[in-house]
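You will see two complexes here that share chain A, one where it goes with chain B and one where it goes with chain C.
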Partner chain A sequence: MLIEIEDVSYTYLAGSQAANSALSKASLTIDRGEFIALIGPTGSGKSTLAQVLAGLLRPSFGRVIYEGSDIWEEPKLLSKRRSLTGLVFQEPEKQLFEMTVAEDIAFWPKNLGLGAEEITTRAKSALSAVGLDYELYKDRSPFTLSGGEMRRVAIAGILVMNPKVLIVDEPTVGLDHRGRTGLMDKIQKLNQAGTSIVFVSHDMDTVAEYAQRVILINEGRIIQDSSPREVFRNKEMLNKIGLEVPVATEIGARLREVGYHIAPDPVSVSELEAGILASRGESQR
Partner chain B sequence: MSINLNAASFSYLRPKGRVIKAILPTTLSIQPGEFVAVVGANGSGKSTLAKLLNGLLLPTNGEVLIDGHNTKDADNKIFAPRQVGLVFQNPDNQLTATIVEDDVAFGPENLGIPPEEIRARVDRALKTVGMTEFKDKDPHNLSAGQRQKIAVAGILAMEPKYLVMDEPTSMLDPVGRRDILETLSELRQKSSIGIVYITHIIEEIVEADRILVMTEGKITAIGAPREILTDESLMEMASLYVTRPTELARRLAKKGVPVSKDLITVEEVVKELCSLK
Partner chain C sequence: MSGRSLALGQYYAAKSPLHALDPRVKLFLSLTIVTALFFVDNLAVLVGAAFLVPVLASVAKVPFKWVLKGVRPLVFILFFTFLIHLFLTEGATLFAIGPLRATGEGLLKGIFYSTRLILVILFSSFITLTTSPVQLADAIESILSPLKVIRFPAHEIALMMTIALRFIPTLLTEAETIMKAQKGRGANFDSGNILKRARSFIPLLIPLFISAFRRADELALAMEARGYAGGSGRTRLHSLKITPRDVAWLFLGLLIIFSVVGLSWRL
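This part shows the complex of A and B:
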């Protein structure tokens, strides 16, 4: 098991009048190679949970365990242990600050004291993982890049640490279609190469397309942890808390009401297409 | 009454005298009560266009007229942003106060509106975006999506005649997004507000009056949603995607199911498939 969190609670500004409980009694585990989507309404605690998983927020209660050891038990080992995970914040390009792409990507490895050669090797592979060529980009200023390129550079700046678990908080917000699919395909490739992915998103269609497991959070509590199909079966509850089901699931449900035999609940357009064709085939027989 | 761009262009000056032409000469008119969606790839000039429309940027050449008032006239420096409310892409660029309701009141206070009227407007705007219960909180402790809702409320409270919104729902959950769109639709009908709506999410704009496609600083196409969203080569060029209902309709039509391949909404697909039953 890579990560295990037990009964984790987190309160912002704990003890003050403005105390704001963002997470309560959350427990979950993350294994190698999983592709997990973290969904929930606006303000439900997704980003807080992402930061707890990444070892960046110390929970008010509960334990965060990386490969068997509690990361907050021995503060001395924290920074070393923390490199198991990498968190890409919302709009990470805002955190780019160096003069060149190469320097920006080298920032964290340099801090860890890695040698120049090792850093270059890692930077090359991190950039190539996000679909950018090191030689073409290394000397460019991050601020002359397009939005999609900047975001990829920012993600490479995390990948260069070789995290086993990559946590991405709404990575495609603000990107155009090409940027979005390009980025999601790169994330999927990383996953296929063995990196576990935690993907925070409001886009249920993308969640259905990529994730193998969905964690649903509402008002700081994990209320479901299962396959996309299981989670999206509960349309009424999702609507009530502010979420929707994928378009294919929605159309499938509406067609079932008028007598189409579509089963099991489709979550993608191809599943829905197959369901409609099969249902028509049956009725023509 | 309308916003008019008359051959308006905009260039940014970069170090070493480099000029970046963000908007090439553009002529366009936005009517009250109309919902105009703006789409296009990253870097195509959408956000620059938004800032030209409310006078935050002044055209390098040509002119922008808001109900006949030129944004270049010094007298209109205050008038323009009053008439044309701009909701930024990133809410943090417009949040000013440390309490939600103060933040929403900031705009109307600057307009010199009497306190009781401000009170009413703030309450109404917060209710509209579903943030009433957060009115005493510090926006900086809220989530990105909640801050985005507050930024929208702040502009709504100014009751502008036109609204220009730059990806105002990018961080919202699906229902929050739907609420904002429903609010906009009501504002158009009740108060004839003209809306310019920039987005990457095609599903949000299938019911727009017009969709305007931008490519490299130019308007390359303008038309009704069905016309634009079913034009495959245009969609590809502008980095737009085919919505899932359209994808489904095309796949089914290909397999010989008698449905139109130009459907763009869930409703249309459901309706056509129901009629086959």
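This part shows the complex of A and C:
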């Protein structure tokens, strides 16, 4: 088990007039190689949970355990332990600050005191993991890049840590279709290479396409933690808290209503396609 | 702002007659109170006036504890004031610490001056407790506006204050996020020598400035696009108007203040 959190609660501005309980009694575990989607309506606590998982927010109650040890028990080891996880914040391009792309990506390895050669190797592979060529980009100023490129560079600045768990908070917001699928495919490649992914998203179609496990959170509580199929089966409940089901699930249900024999609950477009083809084959026979 | 706003200053949102009072009247009354407090030279009257604080708090529907919070940052100064008077006033010795002699007169004087200081703080804090910063900026613009004839930029100053106040919480939230993000990349903001520590803020400050400049740019464009062309000829949605109720409160306030001062001179 890579990460385990137990009964974690978090309150913003605790003790003040504006105290805001953003997370209550959340428990979950993350294993090697998982691809987890974290979904929930706006303000439900997804980003808060992501920051707790990444060891950046100390929970008001509860424990955060990385590979068996409680990370908040010994503050001295904290920054070292944190590198187990990498968190890509919402709009990470806002955190770029160095003069060149190469230097910005080198921020983490420099903080850890790695050697120049090691830094270059890592930076190269981090940039290529997000689909950018090191030689072409290394000397450019991050502020002259396009929005999509900036985001990729910012993500590379996290990947350079080789985190075992990569947490990405709404990585595709504001990207066009190509940028979105391009980025998601890169993330999936990392996952296939063994990195666990926690993927925060509002976009149910993307969730259905990539995730193996879905954690549904509402008003700071984890209300479901299961396969995408099982979560999206519950359309009524999702609609009630303000979420949609994937388009494929919606169309599958409609087609079944009008007499097609679609295998139950497709979640992704490819599943829907297979279902429709199978159903046609049946009726032609 | 997604409903998330920082507790800025000590403003306490509530519906009370004091909150509804015209901010200019509030400013005027509290200036009068502070001035009056300096004319009271009788400890008994001062202590009596102290009882008005919880009364005012309950009228304003602000928890008394919240009001007292305003004194906390000044505890050191209060204590210092008290000690200076205690030890540096001529009179009959109470006790001595080394060369320092505490006197009976000093004790009384110390209590008197610290009480006065506490009251000045408490009474004037009711302005910030019951007036939102934006309302306060409006009041200041209105008070300064006669100076516009001598080309004093009253409107611009008030607008700058309002915008700054509006964006302080936004910038703080953003600074917090960037700080967390850089910590996640191994940044260390709180160790090492001074030079190292100052350098460690670069990854925080640069993104913060970039975003502040971008925001300022966008705001200017948005204001222009919506027809903003400076202060002259501009009307407002919530214009400040003195109502009969404001006048009543003004007179009630002045009456109380003058009776307290008068009482202290009689005694």
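In this section, the second predicted complex is superposed on the first by the 278 of 285 C-alpha atoms of A that agree within 3 Å, B and C clash if a C-alpha of one lies under 4 Å from a C-alpha of the other, contacts with A are read in each partner's own complex, and residues count from 1 in each chain.
What we mean here is this: contacts are C-beta pairs under 8 Å (C-beta built on N, C-alpha and C of every residue); 3 or more make two chains touch, one makes a residue touch a chain.
This structure is a prediction, so every number in the text was calculated from the model and none was measured.
Participant: Contacts for A:G259 in the overlay, against chain B (first) and chain C (second): which applies, first, second, both or neither?
Facilitator: A:G259: touches chain B, not chain C.
Participant: What's your read, chain B or chain C touching more residues of chain A?
Facilitator: B
Participant: Where does A:G43 make contact in the superposed view: on chain B (first), on chain C (second), on both, or on neither?
Facilitator: The answer is both, since A:G43 touches chain B and chain C.
Participant: Quick check on the superposed pair: does A:R58 touch chain B, chain C, both, or neither? Answer first, second, both or neither.
Facilitator: A:R58: touches no partner chain.
Participant: Considering only the touch criterion stated at the top, classify A:Q95 as touching first (chain B), second (chain C), both, or neither.
Facilitator: The second partner, chain C, only.
Participant: Taking the superposition as given, does A:E170 touch the first partner, chain B, the second, chain C, both, or neither?
Facilitator: The first partner, chain B, only.
Participant: Tell me which partner A:R32 touches in the superposition: chain B (first), chain C (second), both or neither.
Facilitator: Neither partner.
Participant: Of the two partner chains, chain B (first) and chain C (second), which one does A:G179 touch, if any: first, second, both, or neither?
Facilitator: first
Participant: Looking at A:K189 after the superposition, I want to know if it touches chain B, chain C, both of them or none. Which is it: first, second, both, neither?
Facilitator: Once the two structures are laid over each other on A, A:K189 reaches no partner at all.
Participant: Counting only touches as set out at the top, which of chain B and chain C does A:S83 meet: first, second, both, neither?
Facilitator: Only chain C is touched by A:S83; chain B is not.
Participant: Both chain B and chain C touch chain A; at which residues?
Facilitator: Overlap of chain B and chain C footprints on chain A: residues 12-13, 18, 20, 42-43.
Participant: Report the residues of chain A in contact with chain C in the complex, numbered from low to high.
Facilitator: Interface residues on the chain A side: 12-13, 16-18, 20, 42-43, 51, 54, 56-57, 79, 82-83, 86-87, 89, 92, 94-97, 107-108, 111-112, 143, 157-158, 161.
Participant: In their shared complex, at which residues does chain C touch chain A?
Facilitator: Within the complex, chain C contacts chain A at residues 2-7, 12, 66, 174, 177-178, 180-188, 202-203, 206-207, 210-211.
Participant: Mind pulling up the chain A residues that touch chain B in the complex?
Facilitator: Result: residues 12-13, 18, 20, 40-43, 47, 90-91, 146-148, 170, 173-181, 202, 204-205, 239, 242-244, 246-248, 250-251, 254-255, 258-260, 269-270, 272-273, 276-277, 280 of chain A touch chain B.
Participant: Tell me, which parts of chain B touch chain A in their complex?
Facilitator: That would be residues 40-43, 89-90, 137-138, 141-146, 149, 167, 170-177, 200, 203, 239-241, 243-245, 247-248, 251-252, 255, 257, 266, 269-270, 273-274, 276-277 of chain B.
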